[in-house]
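The first chain written gets the first letter, and so on, giving A, B, C and D; residue counts start at 1 in each chain.
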Amino acid sequence: MAAKKLPIENLGFDNKIDNNRKRTINQDGSFNIVRKNDFFREFSLYRWGITCKWSHYWLAVLFVYISINFLFAWIYMSIGYENISGIRLNAEPPYWQCFFFSLQTFTTVGYGGLHPQGILTSATAGFEAFLGLMTFAIATGTLYGRYSRPIARLRYSPNAIIAPFKDINALMFVIANDNKGNLVEVTAKLNISWKEKDAKGNDIRKFERLPLEYEKINMLALTWTIVHPIGEESFIKNWTENDFIEKDVELFLFITSYDDTFAQTVHSRSSFVGHEIVYGAKFIRPFHVNEAGETVLELSKVGNYENTQLN
Amino acid sequence: MAAKKLPIENLGFDNKIDNNRKRTINQDGSFNIVRKNDFFREFSLYRWGITCKWSHYWLAVLFVYISINFLFAWIYMSIGYENISGIRLNAEPPYWQCFFFSLQTFTTVGYGGLHPQGILTSATAGFEAFLGLMTFAIATGTLYGRYSRPIARLRYSPNAIIAPFKDINALMFVIANDNKGNLVEVTAKLNISWKEKDAKGNDIRKFERLPLEYEKINMLALTWTIVHPIGEESFIKNWTENDFIEKDVELFLFITSYDDTFAQTVHSRSSFVGHEIVYGAKFIRPFHVNEAGETVLELSKVGNYENTQLN
Amino acid sequence: MAAKKLPIENLGFDNKIDNNRKRTINQDGSFNIVRKNDFFREFSLYRWGITCKWSHYWLAVLFVYISINFLFAWIYMSIGYENISGIRLNAEPPYWQCFFFSLQTFTTVGYGGLHPQGILTSATAGFEAFLGLMTFAIATGTLYGRYSRPIARLRYSPNAIIAPFKDINALMFVIANDNKGNLVEVTAKLNISWKEKDAKGNDIRKFERLPLEYEKINMLALTWTIVHPIGEESFIKNWTENDFIEKDVELFLFITSYDDTFAQTVHSRSSFVGHEIVYGAKFIRPFHVNEAGETVLELSKVGNYENTQLN
Amino acid sequence: MAAKKLPIENLGFDNKIDNNRKRTINQDGSFNIVRKNDFFREFSLYRWGITCKWSHYWLAVLFVYISINFLFAWIYMSIGYENISGIRLNAEPPYWQCFFFSLQTFTTVGYGGLHPQGILTSATAGFEAFLGLMTFAIATGTLYGRYSRPIARLRYSPNAIIAPFKDINALMFVIANDNKGNLVEVTAKLNISWKEKDAKGNDIRKFERLPLEYEKINMLALTWTIVHPIGEESFIKNWTENDFIEKDVELFLFITSYDDTFAQTVHSRSSFVGHEIVYGAKFIRPFHVNEAGETVLELSKVGNYENTQLN
């Protein structure tokens, strides 16, 4: 099978060699890049809010909630707690009662057992209620942003394999949709990067695109085995198992798809370095038909392989 | 009419034969696939929230609302209901009064007839109000997600028909927009799958794409009759009525369009198996012009057909 | 200038002739189509909420708000207004006080001057507060949907003109962005429909696409004059002023663009019938450079033309 | 390197010469255009709300909040402050107490220390609470709109440079992503505009597209040096440093990319006039590999250059 001619690609990566450089992309799709920038240009509260872990999100929201209320408790104390009608003198310390008054104001629950009197305290409370509504607006917005952001949660096989394919061999990967929605118009691109000596004997890093048997499938209902046939024109023709290690190979797999539930295009990527490429194996089919005639897909088996003889 | 050459397509479906296997896609576009996955990878609260039925949505929201309040009522009882000022001793049981206090806190209505005293009860109430705001934020977000999600509610003819077309015959479907918005740039793709014996005499399942008279229309204002002309190069040339049943045919119709109201691309699909294909029929035009000069489209008539002679 | 070859287009319109049929598309882009469908399939609350007029939106929201509160006032009266603590017997009628209690519950303002007692009234109030939060969630969602929906508010010239163009004539339109955001990647398609006698002498309606000088501009910062050169291969070559009327011509202009503010693709369309086509005119340039060196675009002048001699 | 043939482009800009005309696009991507339009067609509250500066946004929200409450305070005074139960006669002026009652109503905090009595005051308060909820819905919607709007915050080099490139020279720009998200499928287009005498000796403004070494990169993880090789077919072949000034050159750089975090396409642009083009320079690489093997990108160094000899 002849390799198809594909347009020249520019990955946007650096081609200088540094001996201790880590892989460019980690298996989870993140980059080994450190950015130095002004704090305010680099940081976006919303971006952080929708991309951080859930635990961090909830801790941040709670922390902001409690901090603001401690601050307002202190303000009400400074103005004078006697301006809050309903403060009980023989009960818990006034600071705590101011704190609870603040909680009741910020959340707009406003029981009224405690309520403000006097211009300063009333105005502060009015501002705090306003601030509370806007703060919860931000929390709501980021919460919705987190939820509604389409993320292609693809399950990539942990390994790339070199497997027999027709009368040659092929480099193979397998992917599956790791959550329930439908992914349609799924497109794959495969690129390889390796170390080579140039004409002057210097190490340089080369980047090439590897053509695939199919670049697109209509729908990712089950799994997709992505295949680069190692034919006459393949850049990795005649490479031995050892070559993949010594040439410091990194394979970049880019998947684009359309999430039917969220009606948006999503991008995903993974990378495979030398020791993650298994020489002489074939993937085990992770689905079967049950008695009811339904196809059963077992996601934990995606990427399982068994050793085999190469052509 | 010669079949146009189309790019090879990969539907992403399995081509192994299992005799009891159900159709791949149901008429409503869902798949006969069972997924086995870790619960937390598979389940997304938001995805469930925006795709479940309305009745399930409201039941879930109400259930969460009531459960949380029963829980907090129990917490307030544990701390001691005497910390809620306004509890009436000669009225309904304290547990119920705690429950109502909880309702008033969770919704931030906070009348104040009941209001908290003491550090523990006040802090709990402050946390409950926070939790209430975040819970309603989630409910609001999923509600908005449900509403704003673009869904191509296409009405597909319940049957595919084989109809006379020019001097040959054609396989035809008809679709219409089942709700009021405008669908523009509507694209159709038709694929067929059937059972065949391979060279060694084993049953295999074949997949092919069937070319269409038009693959795209500008706008789906009325109806669109999708036509595969059964010409010299058609894969289904010379197939008899019986062949569609015996070859266990499944026709996959994929529609992509752009929803003008929501400004998003939407995908839809349907499938037709052997007994849903009517041999020798033609569709009845479901619209007419009224006295006011307007074109009247009757959606209940979309897909109606009458029997006819084939060429 | 030779007409470019363009792909055959299917507008999705009906080609049967009905003598009293109105134009297919109105100048504002709406269709003269009446849809008959089940109410629940046809109607979507959200779609209505984001596409109706602002006045209708606010009236609907207010109407729902007031109706629900009258209903709950009646429920509280049925349970017994003595269960609402704070009802004043010598003041306004109890029904009104129940209504105001309901308002205070539904909006979660809950002053507490009136507050519920007893299981039935307390539970009803708890449910009403829940309902209020969800109702305002719907109102908020549709409000956001209205706002955030990208609409290409294009200003089309009210007339198409036939103007001199190089050494031939051309059919011209002019469009401008009618609000402040940036429209980029603006694409135009022009189609014509006219009445003709077929081989058997029957009236049929023909549809053809008219090629344009430019089908796309990078950015709609000022205005865009859309030009169909009436060259040797044009379908409307040699048509006289009268032909446009007698052939019952309808020109369909479709504009697609990308709204930079909302980051979404928007579609717009207009239509021009015979008497809206001016024979022998040229558009007046609606912008000039002021002393500060800025280009001043006067939108009210977009589409102004003056009569001129044709080639 | 031969210039590739590119499709003819129409930027949608004016080609008339006005001697005092400012550059068409400023470096920040804004236009030097003044629009004259009806206020209500031109202005969109939402568009303003999501595109104005943060300081303006917060001032506007606070101003609306305070104004509405002053208005309602005046209404409550007009009805008679004796209808607000809890007004203290020996304390701050009644107008202020009405104002605070209004604050507590508008935010739905409703302590109840002040609460309405009588039909008119109660109904007004009910309406104000409704208005408050809708106002905060608008504020929340615009807040979310601000946050969630994808903006390509690209850092463009402040200068275009003419640098040696292989055995010829090239016009170069460098861009980097100025915030943390991933930009994928990044596409660049370069256009030039300059002043020239036409056949009759009149000044006209010409627009041409300049082909690039790469028009697209897969991912903008580090920086992208955009290169127009000044080969035999380049429009700017043999131009001297002075030509760029005298011909009143303006270079338009358009970048389109896909923001992975927001899952939306974003457009960005910049412009470079004569004195912003440095003749004989090369960009300094703004990243290096640290001891941990990570690539460190220093954004403040993007666009730094050093002088060099041209080919």
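Everything that follows uses one rule, which is that a contact is a pair of C-beta atoms (placed from the backbone, for glycine too) under 8 Å apart; a residue touches a chain by one contact, two chains touch by 3 or more.
Predicted, not measured: the structure shown is a model, and the values here were computed from it.
**Student:** Same residues or different residues: which describes how subunit A and subunit D meet, taking over half shared numbers as same?
**Tutor:** Under half shared, hence different.
**Student:** Can you spot which option in A-D, A-C or B-D is basically A-B again, with over half of the contact pairs the same by residue number?
**Tutor:** The chain pair with the recurring interface is A-D.
**Student:** List the centre-to-centre spacing of subunit A and subunit C in whole Å, with centres computed as mean CA coordinates.
**Tutor:** That pair's centroid distance is 37 Å.
**Student:** What whole-Å value do you get for the distance between subunit B and subunit C if each is reduced to the mean of its CA atoms?
**Tutor:** 26
**Student:** Among the residues of subunit A, which ones contact at least 2 other chains?
**Tutor:** 104, 108-112, 114, 140, 144, 262, 264
**Student:** Any idea which subunit B residues touch subunit D in the complex?
**Tutor:** Contacts found on subunit B: 108, 110-112.
**Student:** Enumerate the contact residues on subunit A facing subunit D in the complex.
**Tutor:** That would be residues 8-14, 18, 20-22, 24, 31-38, 41-47, 50-51, 85, 104-105, 108-112, 114-119, 122-123, 125-126, 129-130, 132-134, 137-138, 140-142, 144-145, 149-150, 189, 191, 254, 262, 264-267 of subunit A.
**Student:** For subunit D, which residues are in contact with subunit A within the complex?
**Tutor:** Residues of subunit D touching subunit A: 61-62, 65, 69, 88, 91-92, 96, 100, 103-104, 107-114, 136, 139-140, 143-144, 147-148, 153, 178-182, 184-186, 214, 216-222, 224, 258, 260-264, 287, 289-300.
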